[in-house]
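Mind having a look at this structure? Questions to follow.
To keep things simple, chains are lettered A, B, C and D as they appear, and every chain counts its residues starting from 1.
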């Protein structure tokens, strides 16, 4: 879960890492005052959105006078940068850059290590440097129970060719960054660029931090920052927000087939299945993990209510999430909401026969509800069921005059 | 034969007195799994489904000879429980809970490697050696004792692949669900050599997913194998995932996409299945048909 | 360095370990008030001295009324317990004991582990239990980088046969004790007895803590407690205090030969040497580590000023502490203080010839100062020099009518 | 031959720019020790006594092939410096400073064992292989290349014992000062097998002191040795030391007195010397006289 730049900067500043002097603004009314508080010198105005490449996208701007600052802040506030609405801006002193470094901490999942990474060529092109000149990227790897000692900071600074006080101060910043990484259960914490100024100071000009949502239970400071329920990047669509509030792992896609596929793995695989057959999924969903009938009904409603969705494709493999419970949830939904959209589903696994019988019984009771509903069992291959869903969706699309 | 678990495995259920603990203890017992003990601190001396409850795993090991543990405890307690199991001498630990803090998983992995314990999960459905032992929450319905090993990150895909193998007559030796969390207790590389060394296993299906680097990392292990390997990956058509900052790119490079995984697997000599139904055929004549 | 009971209790209480409700008193004036503050129920009055076995030595007493409390406190205050003057007492509620346990943390130097130790038979006889029934002593060993997890507390509690909440609470106390041990750089932290009361509570009735003097630089809380400069047990003699203030490792012994032996190892070995020859050392001293002439003079003064000392025995092996520097220090002392007591010394090692020459020269200049001074070089075995010192000391003793 | 250090050892001095660092660098160079580098963070690029100063040990290893490090830094910085040396691949670390926190020594030992580094000290005078290499602050005057190894806790006793051996004509292979701090980087047990495996060493003198349990612990290592061992202990007549509470007694039992050490050594087959002068004779005909 990604933090806003101003949040990340606050956290590393609290650890003692120097950041530019700055203030937040939600509207233009205070901007002139902020400008003078920052010393009346040129400032940088940075839109606070959860996305990278803000500079290239016009999300970062500069001002030399209070009037200019107000104008530029006003231009950013309320605008959209990379489709993300700018709700507030960070106004900071403009740092006089002599050199730009990269310094980051992350987890190497392959080796189960915490890795400190540094490069003497910071800035936005750091990934290019990593590809074209990997020898310029310096790394130190730590086991989870290994402490970061002062010499680690010096070693990585030396590998970058630093010396004297410049090396020592860089080492201290590395030490503090590593400490903050562990303290906040971070998955990523990087300073880019870490600037060495004209007058011989280190300043963290931009900072990115992603923290582990699963560790929030022990992160009082982060919870107080209000980070719960955020995306890694960007913001949630209204439907994604609705899903998150209901506790359903869900992502919007562009297509017209509502995907109701079981666990996360099958959620991804069924997107391949539909796409390979020429269909176009409307979403990713993880409906596994043993949901209750009520929850299954809620999931189905989320899909059907999406105006883009023409057809529902369902694939239930009854494990923890048993087919009888699945049938109960689907029938509950059908009775409550009487949806008009076709649903093409397959059930197999635990209790699939019982589930099919429940559908038969419900259909016998209210045949009207089942006019557009097809339920297959273990004997029909999933590829056939998917194909039927794709064909049904194409037909409806064609009827609407949509070419896919 | 099979890997990691068989009819001799003596299983302890951590968190046996909780709802999921009780339910799955019953299911595992029904399958024939030797659930010999459970833990629930403060509730030692009770019984669940005829299984003795202890306060600590040390007692389960000492008094019941437990050697495998499966967890049904909230994620925030997994670190403590895992270290306890590892220190008590458990040799296979199955972490069912999901959403375990990544820093905790790093510590668990470290302790496990030090003591020679295999940790599976978190966020796994567990593992099954059909006809012998089922540890976790996998439905037994699609599995049948046979010739192929499965190692998968996803539980649901595990079922579909097993279903295909069972129907084809090949059947399975052991199916291992590595789990869906971003950092896993074991990776494909850890499991593949076990299949290679298992006399009954004639081939292995690796079921991957986009994201992470565990599939790419497995290439080295596959190259060392004599047995045929088939790879299926989910997410070829998924929208491109978001990178974890520059550091993620620096550490993991271009890995993590379905393309990079398929490329690595092909290069390592694995057969690539694009549909479940292609899987049995890809083993071709390399394994017995068993029909 | 040992802490007083009240200090150790304060520290573990801060970690959340329950201790008896109590107050300190330096004189009797406030005792009645304390008695009523503690609820007017029977109290225990414990003399605060840095020594064990206070109970057996009369250092712990009980009172049922305010008057009794005042009387008992008054009796202890100003008295000596095991030769240690009682400067203050800890007055505590008298805990209703159902069971006594032992719980401690220390370092196993042989295995380089931190060890948690517990026993269901606490109290003063725990060492006897350890000898006669070692199986009753339960231990858990930790590497320095290993964390103490909640289950560790449960495991050791279970090994003692505890169960239910009694086990859980014991486990939490073990966890807190271990935490305090590491936090304060302790070498020993034990609760004995850890009492389980009539009404089902755990209370740390007595606590002993020794902390690592060498880690005080990072132990602000301990420094604020005022622990610097304490002995492991008991108090310093005036001469030991004088030595400590001058930074000289020194211990008073009972004999009449002042020992001036070089490094710590030789300091101990020379006590054997003199004792084996029938002599009686007056002290232990470590005069190694490269002292300056001024410092050597200071050491010598400390020895000669001791009225018990009849003869000085010196043995210098010039390593870091060179013989020429040694000679300079001794000559400086002789000139400044003109001591009357005989000194019998040997020098060898780095610059021993130069040292001898300096002595010869000084003697030629002021022969009066050297009347009772003998300096040997590398050619005389140390045993011979020691023998001469013992004989000289015996002669003086005999002259005083002292039989040794 | 000798153990741990010889004429090929390439020594780095940690804290080379401090007073003691400069002085002893000079002394070691005069002895012929190959001091190839020194460290002093922030002063990289300088020279001390002709020796290059670096900011980190990593550079000393990489650029000068250093494999031994000797520390002249304040005790509170020893932990950091020791971990740095160990991680940089130094195989012998000599910790001259005294009063190092015991919890720090536990961490240093752990890191050293993991990486196969031998740590000597703290509070040691160092070690010397006479005629080849002198690392630390021992005066060379009493040492002469010969047949006997010395391992001692005390620096000053080391000199007296070496003096005796040198005068007897036996001489020394290597003299190791374990150090005077309560927790040491290496113990007698760690050093004795090195002497047993050193072709030139014909016998070993162990110089012990009251307190601690390292002498008693060494009994096991002595029993495994074929070479003769002589034990000298200081403190037979010292007043009885104070125990570290009950826990100390529980962990260390009755160990720590001169009696218990002499008993353990006798039982392990070591000769016991009560005076320095007895030491050469106790080797008897087991080692060549070399006169």
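Note that in this section a residue touches a chain if its C-beta (ideal position, glycine included) is under 8 Å from a C-beta of that chain, and two chains touch if they have at least 3 such contacts.
Because the structure is predicted, anything quoted here is derived from the model rather than measured.
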| item | value |
| --- | --- |
| Common touching chains of chain D and chain C | A |
| A-B compared against B-C, more contacting pairs | A-B |
| Chain A and chain C, separation of their C-alpha mean positions in angstrom | 60 |
| Intercentroid distance (Cα basis), chain B paired with chain A, Å | 27 |
| Rounded Å distance between chain B and chain D, as computed from the means of their C-alpha atoms | 50 |
| Cα-centroid distance, chain B relative to chain C, in whole angstrom | 56 |
| Where chain C touches two or more other chains at once, by residue number | 145, 147 |
| Contacts with two or more other chains, residues of chain D listed in rising order | 107 |
| Contact graph of the chains (line, ring, star, complete, other) | other |
| Pairwise chain contacts under the document criterion | A-B, A-C, A-D, B-C, C-D |
| Sites on chain B touched by chain A in the complex | 75-76, 98-104, 106-107, 109-110, 125, 137-139, 141-142, 152-160, 163, 180, 182-183, 187, 207, 209-210, 212-214, 217, 234-239, 242, 244-253, 274-277 |
| Sites on chain C touched by chain A in the complex | 145-147 |
| Residues on chain D engaged by chain A in the complex (per definition of touch) | 41-42, 44-45, 55-59, 79-81, 83-84, 107 |
| Complex contacts: residues of chain A adjacent to chain D | 147, 149-151, 154-155, 158, 163-165, 167-168 |
| Residues of chain C touching chain D in the complex | 52, 102, 104-110, 112-115, 117, 126-127, 130-131, 137, 143-145, 182, 185, 187-188, 190, 192, 208, 210, 212-215, 217-218, 232-233, 251, 253, 261-269, 271-273, 275-276, 284, 288-289, 317-320, 348-350, 381-383 |
